[in-house]
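One chain, subunit A, links the two complexes that follow: it is found with subunit B in the first and with subunit C in the second.
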Partner chain A sequence: MADETTDLGPVTTLATPIRLDFDFTPGVAQSKFLRGLEQGKFMGQRCPTCDKVYVPSRGSCPTDGVPTTEDVLLGNSGTVTTYCVVNVPFAGQSIEIPYICAQVLLDGANLSFMGLIQEIPTDQIRMGMRVEAVWVDESDLTPSLASVRYFRPNGEPDADYETYKEYL
Partner chain B sequence: MADSEVLHAVHRLEFPYSRSTGPIIGAFLTGLRDGMFYGATGSDGSVIVPPTEYDPITSDDVGELVEVGPGGVVTSWSWVSHPLRKHPLQTPFAWALITLDGADTAMLHVVDAPGPEALATGTRVTARFRPAAERIGSMADVEAFVVEGGAS
Partner chain C sequence: MSAAGRTVRPVSIASFAQSQNVRRDDERNEVEGLMPVIAEVFGNIGITKDDVEFICSGSTDYLIGGPFSFVMALDAVGVWPPRSESHVEMDGAWALYEAWVLLQEGEIDAALVYSFGRSSLGDLNEILTLQMDPYYEAPLWPDIVSLSALQARALIDSGKATEADFAAVASRSRRDAMANPKAQVRRDVAPEVLLEDDYVVAPLRRHALPPITDGAAAVVLAAGDKALQWSERPVWITGFDHRIETHSLGARDLTTSPSTAKAAEVAGVASGKVDLAEIHAPFAHQEQILKEALGLDDSVVINPSGGPLAANPMMSAGLIRIGEAAERIRSGQADRAVAHATSGPCLQQNLVCVLEGE
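Then we have the complex of A and B:
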């Protein structure tokens, strides 16, 4: 019954890919954030009870448990609250190491989010540094964080620690 | 915000693992690519299919590989009425534990049968290999088992 295919040599490896396909919908609040990115701007939402502005908003305030219905346009600049310099190569890495991964508190927001910092030597990054978003070309904007190429220093003096100490 | 304004996207998370087979599993998979089944001889004389790398009783290396099958007996099975996209067959089929002729352990595979009434514990089945040119050294080289003398 055996077919003569033994000239291929013995089998030594086996490909066992694992794949998960998600059908993802970000919901109303995050859709607004993503639609904002498509227009080159950061959109957040304010809690009617505590006045905190979340970006991206999940549609409700995690502290007060109430819907966040007021949309807020945030600044294109923000403050580095904390950061990490990545020196370790890993599979699938798309950015040349070393690079800086930082938490950026956008002006007008009460929640920081992660951003790539470029156009500065990695040993000059510091807490409180003022940075601004650099976007892809207008024709390349999509409803995705890929629309933000990176953040870079915007030249302003460092923010006072008191202004961001709550967000570490 | 209207429903149509809520975004929607397909996300795919994939890990492209490649495993080394080692000499025993590798020989088993090479056998599948060649269109046959191999089992390993255990210390008590039993034949283990698919072969383990170590004897399940003594933990020593297993003994020589012996050819088994391609026919065998269904020892347990479960009918899948509505196959999912990732299932090996897209028509209703059975997952089955099959003890190949000459083997002392059962192996999990699929049985392509016209319906659950065609299967029972003890039903004789035989392997339907893919064409030689499509075989790569994988369990999927056996497209399915089919009932011996059956319509499919």
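Then we have the complex of A and C:
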């Protein structure tokens, strides 16, 4: 009698679906950042040792290992330190290509973070460009980065390279 | 002192700290929970992060449900100027082992070891299923409580233990934990009363299960002059080993722990009198299996801290065993102690550390 399990050939793939649900809380410092977003503001924290301001802060200075206890309200504008133009489509993409993804150093911060740059042709983006955050309507603000629609040029002259060269 | 597992270069547990162990730390993230522990472990001996030359941590991304959480946790230390750093996806006891091995090489004299985890963020019973063999066992989602109940049943069937024995272990742990301000489950409750608990999964009643705990711990290891400088009574690691058994639960005799017995043999547990043992037996019935495998008789004080039945922070409960045992030697309550850590389902992997006072 033929062995039916052998006749089916070797098993080459095995699907084992896994799903885990988490009830996550972000902690003291990140909560302040998220609550700030809910009010249309960027909140950072300053290191008492090196004076650097982190946004978002996780509650410590990664250089000095001490708690960042002073809350700092940052500006709505910042400087593009570096960028890339996305031309490649990928699964789950929600923005029409091409678009600009940039690191923005907010005024008053010592850590840049990633933002979308819009309202400018992609071939005009450059390092040092001054940009400002465009928020969702006040009624749509949530404690999430989704509250920031994107950044756009704020009309100021480009920042001097010396002012952001430490953040590349 | 050159046999495998025996210390070639003396290394001391120079300092130990642990967080308050709680059911759920809603307020602080992992970094915020770790920072006070790191500050305390340095502060205990008046050093700073600049005094350690190597850092090794133990944690798992499965607890937070996000990748590379151990990298972010380094923010709690402040690794500038840069230094050598490593991580194990295991309990901090194994991170300590890695640091100890590096210290054996003699190029560095001090290391920081830490571990952390919020067990409360997900469903721990389900998360621990994912440590099983991913092809034949994990897809069936056998949860860790049910697997441990199978082990407890096998132990009862072998005639080695009864449910009353499990309750006695749980009762003693809760009572001893009353003297441990960092413990989570602390109460004076008789075994007979505990036996009135309902079964969670028979034959395990509620008291035979570990609590779900959020917490963190840290140790500073020192060798050479630093070991003598940082402690009036250095606590030396005199034997250290860890062993693992097969993935396949069906291929194991769950009523024994050959990996523990082997590690104990290599670490030299039997080469002197053992005053106390801190045993990482998350489920009450496992203490008896481990006590037998470690070759400990009834004269040995077991888990004076309350043990993992009083606080079981995932990824730290093993490291805490080493720290608790070391502190009791430092304070003069013991001269020679055994610390044990476990990992995996039903005591799959075991680590044994022998500690001795100066």
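By our rule, the second predicted complex is superposed on the first by the 148 of 168 C-alpha atoms of A that agree within 3 Å, B and C clash if a C-alpha of one lies under 4 Å from a C-alpha of the other, contacts with A are read in each partner's own complex, and residues count from 1 in each chain.
Definition applied: contacts are C-beta pairs under 8 Å (C-beta built on N, C-alpha and C of every residue); 3 or more make two chains touch, one makes a residue touch a chain.
Treat the numbers as computed from the prediction; the structure is a model and nothing was measured.
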item	value
Which of subunit B and subunit C A:14 touches, first, second, both or neither	both
Subunit B versus subunit C as contact partner of A:24, first or second or both or neither	both
Partner chain(s) touched by A:67 [first = subunit B, second = subunit C, both, neither]	second
Which of subunit B and subunit C A:59 touches, first, second, both or neither	second
First (subunit B), second (subunit C), both or neither touched by A:35	first
Subunit B versus subunit C as contact partner of A:152, first or second or both or neither	neither
Touching partner for A:143 - first (subunit B), second (subunit C), both, neither	first
Partner, of subunit C and subunit B, that touches more residues belonging to subunit A	B
Doubly contacted subunit A residues - partners subunit C and subunit B	14, 16, 18, 20-28, 30
In the complex with subunit A, residue positions of subunit B that touch it	1, 5-21, 25-27, 29-30, 33-36, 70, 132, 135, 137-138
Sites on subunit A touched by subunit B in the complex	1-6, 8, 10-28, 30-32, 34-35, 143
Residues of subunit A defined as touching subunit C within the complex	14, 16, 18, 20-30, 58-67
For the subunit C and subunit A complex, residues of the former touching the latter	26-32, 35, 38, 49, 62, 64-65, 72, 74-80, 120-123, 126-127, 130, 134-135, 138-139
